[in-house]
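Order as written gives the chain letters A, B, C, D and E; numbering starts at 1 within each chain.
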Amino acid sequence: MEWHEIRDPQDPELDRLAARYRLHPLHIEDCRHGNQNAKVEESHGYLFTVLKQVSLKSDGSLFIDDLDIFLGRDFVITVEPVDCPAIRQLLEAAHKAASSPRGDQIFYRIADGTVDSYLPILDRFSEGIDELEDQVLDRPVPDALARIFETKRSLILLRRVLVNTRDVIGHLQRTESDLIHRDLSPFLRDVYDHVARNLDLVEMQRDLLSGSLDIYLSSVANKTNQVVKVLTVLSTIALPALVISSIYGMNIKGLPWIDSPNASAIVGSLMLAATVVLLALLRFFRWL
Amino acid sequence: MEWHEIRDPQDPELDRLAARYRLHPLHIEDCRHGNQNAKVEESHGYLFTVLKQVSLKSDGSLFIDDLDIFLGRDFVITVEPVDCPAIRQLLEAAHKAASSPRGDQIFYRIADGTVDSYLPILDRFSEGIDELEDQVLDRPVPDALARIFETKRSLILLRRVLVNTRDVIGHLQRTESDLIHRDLSPFLRDVYDHVARNLDLVEMQRDLLSGSLDIYLSSVANKTNQVVKVLTVLSTIALPALVISSIYGMNIKGLPWIDSPNASAIVGSLMLAATVVLLALLRFFRWL
Amino acid sequence: MEWHEIRDPQDPELDRLAARYRLHPLHIEDCRHGNQNAKVEESHGYLFTVLKQVSLKSDGSLFIDDLDIFLGRDFVITVEPVDCPAIRQLLEAAHKAASSPRGDQIFYRIADGTVDSYLPILDRFSEGIDELEDQVLDRPVPDALARIFETKRSLILLRRVLVNTRDVIGHLQRTESDLIHRDLSPFLRDVYDHVARNLDLVEMQRDLLSGSLDIYLSSVANKTNQVVKVLTVLSTIALPALVISSIYGMNIKGLPWIDSPNASAIVGSLMLAATVVLLALLRFFRWL
Amino acid sequence: MEWHEIRDPQDPELDRLAARYRLHPLHIEDCRHGNQNAKVEESHGYLFTVLKQVSLKSDGSLFIDDLDIFLGRDFVITVEPVDCPAIRQLLEAAHKAASSPRGDQIFYRIADGTVDSYLPILDRFSEGIDELEDQVLDRPVPDALARIFETKRSLILLRRVLVNTRDVIGHLQRTESDLIHRDLSPFLRDVYDHVARNLDLVEMQRDLLSGSLDIYLSSVANKTNQVVKVLTVLSTIALPALVISSIYGMNIKGLPWIDSPNASAIVGSLMLAATVVLLALLRFFRWL
Amino acid sequence: MEWHEIRDPQDPELDRLAARYRLHPLHIEDCRHGNQNAKVEESHGYLFTVLKQVSLKSDGSLFIDDLDIFLGRDFVITVEPVDCPAIRQLLEAAHKAASSPRGDQIFYRIADGTVDSYLPILDRFSEGIDELEDQVLDRPVPDALARIFETKRSLILLRRVLVNTRDVIGHLQRTESDLIHRDLSPFLRDVYDHVARNLDLVEMQRDLLSGSLDIYLSSVANKTNQVVKVLTVLSTIALPALVISSIYGMNIKGLPWIDSPNASAIVGSLMLAATVVLLALLRFFRWL
């Protein structure tokens, strides 16, 4: 049982291993080229698996790396990207735990570690969505809109990784290849359950996120409604006063009460009465 | 036929039972860790089932607990959370009903009780949604928006529990394990029907809830429309009067009728006529 | 061939029949409790079917009743709700048509009658939706909104009944039970086709209804747009006149043409010109 | 090989044929009643097929007719509606092409002709949707809204016809009835491909149409935004002038520059400056 | 092994080949007529495949061409459209690579090349969508709306091509025809993976694009909200001043402070105070 750790996909060592274990050229190409979907392919004498390591960059966007694993009867080859501390750490942990285990046990440890690493990311998204929801209910600013769509984009990416990973584990559970021993089956089912639960979470978060967008739009509509109401009330108060005072500003004769010494009191009351009647009408007909 | 009731997942008694009945370590871990999806797993000599107990917290949000059941040939082990009166009550009821029944009958009673406990919660949601619908039609306030999304979140959670529980019961109905006797089959189908009907209800409520959101948005748009109409009518009434009185307030010569003794009557009629003509135009062209 | 008609689910006669024909207690419970989904269950020696009778209440909402049928080798038992004239009529019609037919022919007549009774209800909905569509295009009032959602709710309920009924008939078509004779098969397929077509209609109506809501929102947006346009045109006409007349109302010296005898003509032309230029600008830049 | 053409479903000749070829009463009823879904049913000794002929009425709405075909070992019976020139033409074309062919070849020619007749209708819809899209982008008038929903309704109807027709052809391709010879198989696959492609087109058009509605709503929102902007700019220009001129229209003492001979120039500059500063502020803070 | 390259579907050479290799007339018709869906059909002695070549026109819309391939035991026939440099280039590359290979290897090279040519187009769309997203967040102009819907239309078309191509490759992978050798299987799986990944990308882009539309609508609503706020603030500032100055412009007696020498200071402060109090009220009640 040999475990070959290739720490750079361009390492020519990979070619030597390919020749020695008769690995398919398309698989070597997949390792070199990277950026594959998570997948598993059964070849003569070995299983080729691509797993995806997901990390959060400091700006909250996702960073996704490939981890390629060849699992043969008496060998395991892991091909990791050059600069990914998360994968390094994962493989080292698998190394420590595995004194001299079987190849499929090593594979299980790596797959389990990879899947476990998705949960903290989902938790971060979950918190982010809760915050967003509160924020858009309270203050629907365009900045929140941008964050909603960034999160949406990340969830779309993450969902794709999870769906493919679930299919990989599901396939390995059902495989009849003798490279995976029967006693590993409950453990693979456990990993499968974890991925499935993560996927449930992602679906739920997508649902909630699309809800956030609805809140956003509703809140903006609400705020506009409120502002227009304020404008209308202001106009309702001001317009009668303006009209009446304009009328008494005309340079014509015969305006009522114009020569009365109480003119200003009368006219003032008129303005007040007009405004009050108007506001009462609006309220009575529930127009506002 | 022994029934072991573990009332605290951390109880070391669980380890002793695990050793005695050779329970799989991953299942013990599931009990200890909690927060599993509802599921059933067939192992050598026993069935391991996780059911979910759902309660409503006083603020209307959901509280979800795990109830783990090991069903073996001559034993039943139930593992319940430390502080969940609903599960305690359910198990006691099962105890009373079961003088010395078979293990699968105990299991049926517990599953039946769990599923029955979902219905009152669904009824509460149903009432809440009816109230919400009426409220948003009448007064679309932001508070209703927040309640719509809380309910949505709860329904998403509940739906997940129900889907998984349905799959558990469906699996048990079809299982060929001899731990479930054939004569239990119509009873399991009955439980299955109940879960399926609950799931139908949840889907219906989600549909109605998304309708509530549509009503909300439509109502807000409607109210805004109405307020703007009020503003426009106000302006239509005030603007002709303002323009005309402003014109007669100018300090220039040659304004018509300005020296007439009936000036104020003439100008007043002018204002009235302008407003009436304007309103008639708006109505005639159905612009308002 | 005996046909037992139980006209009240609480009738103790049902218990006697249950004992005589060895009916499963869960089925008797379903009859007594009511409110089941449409379903068919094969038991030892008989088929238990629940069909749903749908009627329209005077306020347009749906009223749904259970009709339970036990079909045995030499007996038919129908259990109807206490106060449902539609089901009574249906059973009497089946009675008249059936001089001394086989049990499965009685069953077919009842199922056929039940399914036929859905069509007039669908037609009523169809008309209602057409009316709604015209109304919301013309005058999007909140009342239409309420009717849209009542209809939506009814369609959700009806759809559930239809889906379950379709599954019942589909199951009976494929069943290998010798309680259903082979020569009934084209008749059951006919019933199946009718349910399927009804279901198509419901889906279509849901589609059209959700379209109505879109029209509603679009119409409201449109009306608001129109009202705001009116307000803007009004302001465009009034503001230049107001500004110019206010300026000539100032108590300061040196305003142009103020002492000219044609002042009012000049200023009037000024106002008119300003308004015309403004309106022309708006039209030219297509801002309105 | 006899081909019976029934040109009126009520023709008593149909009953004679039914007796002679032992056609199932339910099929005769389907012919007489019309308005069936496209379907195929295998009976003893013959295949009963319903195809749907679709035409466009002059107002752009769909007109859908039934064409019923009985295909037996040595006979073909076609039942066409009384007044449908399109079906008449189709059958005559099939007549000319078929000197003395087999029954399944006649059937193929009819089915092929029916399916071919859907394409021009789809092309018309396609053009209509393109026009609508351009129109709503440019001028979102309510009339376009009505046309969007008419088209939507037609597409829903057409989709149903196509789905059912596809299932009919698919069933005939897979049937093991010896009424359809093996060498017809590539031809039926060709018809199937055509229906499937038409169905793809309908789905695409539904997608584009729902896009048109989104454009409509967005365009209306945009126009409203623009109109409100115009109103705000107008107010921004007019209000400073109004306020300043109103102030100088007050009958009080001590207003600055009021006695200056350059008063009007000063005040005019003041107004201009206020407006410019206000507009600059709006632009600077990107509030407009 | 002969490779016949037909460079014009109307070339009579195609008829000679059809006669020589006994190609089905429907397949020749498909070549001549063009505009087929991507498909594969197994005939006696050969496989007929239609692939779709996609190019971007200079205005960003898609241009889609057919490439037809007949793969027989000892021949390959490719039928290309008259004027499509992309297909020409692809076939020449396949020619160079293939000194004297098997027919299925030639087919693989062509299919691989076709599928590879989709990726740059998807990349262009991806960039376009990113740009659109940024643009609509910042400035939701109607032009962006038009671009969103053009891209949507292209994605719908592209998706159809990809779905059909995936089915073609999937069918060839599973086929039991001996025209495809077993050792080609991993290569076809590789092509299948590429198409599937492209399809994933298209789905993702559709998701993001529909997000862009939501941003658009939200941004417009937001801008309208902002403009209305500006209008309301302007009115709030102007109206008190207007009302007060209008009042002091009335030609009546008894207005307070009107004869005071500090009248203008007093009235000015009054105006200022009214505006400040109003703005403070709006802020305090969070109405703005």
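Following the convention adopted for this analysis, a residue touches a chain if its C-beta (ideal position, glycine included) is under 8 Å from a C-beta of that chain, and two chains touch if they have at least 3 such contacts.
No experiment lies behind these values; they were computed from the predicted model shown.
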Minimum number of chain-to-chain touching steps separating chain B from chain D: 2
Superposing rotation of chain B relative to chain E, computed on C-alpha atoms, to nearest 5°: 145
Interface numbering overlap (same over half, different under half) for chain C and chain D: different
Computed distance of Cα centres, chain E from chain C, in Å: 36
Distance between chain centroids, defined by C-alpha means - chain A, chain E (Å): 22
Sequence positions of chain C contacting 2 or more other chains: 217, 221, 224, 228-229, 231, 235, 242, 246, 249-251
Chain A residues touching chain E - in the complex, by the definition given at the top: 24, 26, 36-37, 39, 41, 43, 140, 142, 145-146, 149, 152-153, 156-157, 160, 213, 216-217, 220-221, 223-224, 226-231, 234-235, 237-238, 241-242, 245-246, 248-251, 257-259, 261-265, 267
Footprint of chain A on chain E - complex, ascending: 133, 137, 186-187, 189-190, 193, 196-197, 200, 204, 207-208, 211, 214-215, 217-219, 221-222, 224-225, 228-229, 231-232, 235-236, 239-240, 242-243, 246-247, 249-256, 278, 282, 287-288
